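For reference, chains read A, B, C and D in written order, and residue numbers begin at 1 within each chain.
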Amino acid sequence: MINKQVSSVASAVADIPDGATVMVGGFGASGSPIELIHALIDHGAKDLTVINNNTGNGEVGLAALIGNRQVRKMICSFPRSSQSKVFPELYKEGLIELELVPQGTLAERIRAAGAGIPAFFTPTTVGTVLAEGKETRDFDGRSYVMEPWLKADFALIKCETADPVGNLTYNKTARNFNPLMCMAATTTIVQTRKLVKSGDIDPEHVITPGIFVNRVVEVSDPVHEDTLIAEGRRYP
Amino acid sequence: MNAAASTGWNREQMAARAAQDIPDGSYVNLGIGIPELVAKFVPEGREFIYHTENGMLGMGPPPAEEERDLDLMNAGKKYVTAVAGAAYFHHADSFSMIRGGHIDVCVLGTMQVAANGDIANWSTGAPGAIPAVGGAMDLVQGVKKIYVITQHTTKTGDPKLVEHCSYPLTGPGVVSRIYTDLAVVDVTPAGFRVVELAPGITFAEVEEKTGAQILPPG
Amino acid sequence: MINKQVSSVASAVADIPDGATVMVGGFGASGSPIELIHALIDHGAKDLTVINNNTGNGEVGLAALIGNRQVRKMICSFPRSSQSKVFPELYKEGLIELELVPQGTLAERIRAAGAGIPAFFTPTTVGTVLAEGKETRDFDGRSYVMEPWLKADFALIKCETADPVGNLTYNKTARNFNPLMCMAATTTIVQTRKLVKSGDIDPEHVITPGIFVNRVVEVSDPVHEDTLIAEGRRYP
Amino acid sequence: MNAAASTGWNREQMAARAAQDIPDGSYVNLGIGIPELVAKFVPEGREFIYHTENGMLGMGPPPAEEERDLDLMNAGKKYVTAVAGAAYFHHADSFSMIRGGHIDVCVLGTMQVAANGDIANWSTGAPGAIPAVGGAMDLVQGVKKIYVITQHTTKTGDPKLVEHCSYPLTGPGVVSRIYTDLAVVDVTPAGFRVVELAPGITFAEVEEKTGAQILPPG
């Protein structure tokens, strides 16, 4: 029987090498795979390129990974927020690189990688500094910018329910980038709040089919970034 | 509130005025800040469906603190609720709604708007500033109508309605209409044109506080 | 209250003009909006361009629309099958045009139209006659063909459950092209087996959000192409 | 069954031989015809998950006639079932799985295969024929390994393994391995190479019935 379950977050991330490109699901705090990120901090892989919409908050989760100096470059749409300080400080000191990508283009580039589409045209950024150096082209009298797919070696994903073949469902707006990143990484690692039997997820309700998932680890009572920050926690 | 009226519209009044221009049944995306207030002033007999770009249609008002769901946020990362008939979806589907022209109206705040509809609301371009664009460039290119709500001038009195944006653009030629504390202003092929003056405001005052040629109502 | 329900299939299609481009959901018999197609036959709009994976079977549904000489051009991936005869006969007589599009490219071109992507690159058809005349380009050492979006004026869709704001769910493999076509048409017309109250569809289970839907008509006991053909039926 | 063995493999045996080369846990797409038989010969201890391009993973065997669901078909438009752990999705997601390289193995029938891995299985190119491509061109470009099951020659004795395809290509240089009634043949940088001969078949016979240079096993 196919069974993608692994026993711990530590073993799930153990083969992520230095220099890897890692997608991290979530939009701000919602859908962020905090336990997998903390396992990656314990694991210690360095020189990472990390793809996420943001750069984390406080000193837990993604912000802690960045603070631990494991990240060489961030690819994101919105690198600052009310409670982010780790990334801004390193960025201002020139200690971390930034590739800024508009949110919809970021989503579509990730989806394109998963769908085998090496490039596509979008109106987003036309006429702005973010289109500089990019190929533009007119279709039906309007200008568009060409954007390339965005792939990763690993994806760290948080979901609500998973089965042993890797079918996933999400909870509300914690879905966000997670299903796309599942498609775009060579190895997709998922933490799920509930691991259920094969057949327990209605095939009509599957959001991420198991073909996009390599490893599933149950984290039945996940922490939440906002809660950790409210408690003044930091990691490690 | 005569005093307030004589110096134009306040934040709520600007939002309420914008809400008047949104047709019944519209799919609406509201930016952070004053634009969020539009949801409080839906005209009697109309219903808007709110899109939040992090993956939801049918966004409802903020929950009571004890009813918060940590997995139910809006694009401003505030906790929200879902109305009956809501739907969740992933980011690529969400931005397909935006880029594909399915959202009827987006109401945004801004730093500057130019007379040709250019908008600059994402970066001052200052050296050393950390750039952060989010979904702003997707929204201005994709949504059918881009409305802006903004004070007519900055806190230091500089015009925000200008001939050319000095800040880096979010998008060129995309703004349809602007709601300020002083007036409702359309972007027309001939440039800015006042559609309506706030109570107690004269066209001369608007003209004086606008950094570009502006046409009177009518 | 927003309510996209219309009272009959006849009123749902009444404004489709001659010369319109019409997407028709379904893959073979499954997911085919037969009642809407038959209403379009009754309505009589001519000179249509129709987009569907196939060209219909027997003398009902899409095949009947073609047989009634309302279709100028078919855009599809597979225009013949074991029980199709209407299209092949007209095609051999030069009475109907055909644009042949590989199935995955057809799906992606429709999705691109819905997503505001005017063109994308795909490896499909590289090195074949179907790539002739198309722009090709190398990315990472591999060749790809550029394909444009594919839009329509109207889409005729079949679903399982709909609510008044147009949220839809489908039944099993009857889903196929239907959700994509909802996104890509100016006016999307849906026949649903069940019309439920707003809020009766779990927001997690919505497949097509209502923003992509304009009209919903309840057809509570829809006919099925295979059944009609087995009974030797024809329309009108 | 000595008589059968002495003249090579039959349809079931070809399918069973192909099944031996598919690793446990593979995501597999089976073409119409002989390839469909592969599902009957999954080796002991292995599990394959079947993809059908019309929108399903976890396709199961055909149902009993009275258990048919008219909305549950495969890409060949035959009625099928769903196994535990199945998932439904739309066509764009389905072909993302194909084009994006997520399907491990596709087993196809063919009209011709060339020594460089070119495959021609969608059209004879005859004037007046109605072209129909379906998902064939997507599958051969997207799936990680393309296996072909075919009779070694046509009914009239013409070779199907050829130097260059005379029919219009489905895709260039995409085939990895071919299972015929006579042999298992790999496509290598040096051209066709026999990997295994069917019982009672000699290399000389395979060579004679192949329309291109072919290398012996070893």
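We take it that a contact is a pair of C-beta atoms (placed from the backbone, for glycine too) under 8 Å apart; a residue touches a chain by one contact, two chains touch by 3 or more.
Note that this is a predicted model, so its numbers are computed, not measured.
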Given subunit A and subunit B, the chains that contact each of them: C
Comparison of C-D and A-D (more C-beta pairs in contact): C-D
Interchain centroid distance [CA atoms averaged], subunit B/subunit D, Å: 56
Geometric centre distance via CA averages, subunit C-subunit A, whole Å: 34
Subunit C and subunit D: spacing of chain centres that average the CA atoms, whole Å: 29
Touching two or more other chains - residue numbers and ranges from subunit C: 108, 111, 115-117, 122-123, 170-172, 203-204
For subunit D, residues that touch 2 or more chains besides their own: 56, 82, 88-89, 92, 95, 98-99, 142
Contact pairs between chains, per stated definition: A-B, A-C, A-D, B-C, C-D
Subunit C to subunit D touching residues, read off their complex: 27-31, 53, 77-81, 87-88, 91-92, 98, 100, 102-108, 110-111, 122-130, 170-180, 207, 224, 226-227
Residue ranges of subunit B touching subunit C (in the complex, touch as defined): 24-25, 27, 47, 49, 51, 56-58, 82, 84-89, 92-93, 95-103, 142
Contact set on subunit C toward subunit B in their complex: 1-2, 111, 113-117, 163-165, 167, 183, 197-199, 201, 203-204, 206, 209-212
Residues of subunit D that touch subunit C when the two form their complex: 52-56, 69-74, 77, 82, 88-92, 94-95, 98-99, 118, 125, 128, 130-138, 141-142, 168-173
Residues of subunit A touching subunit C in the complex: 108, 112, 115-123, 137, 139-140, 142, 144, 148, 169-172, 203-205
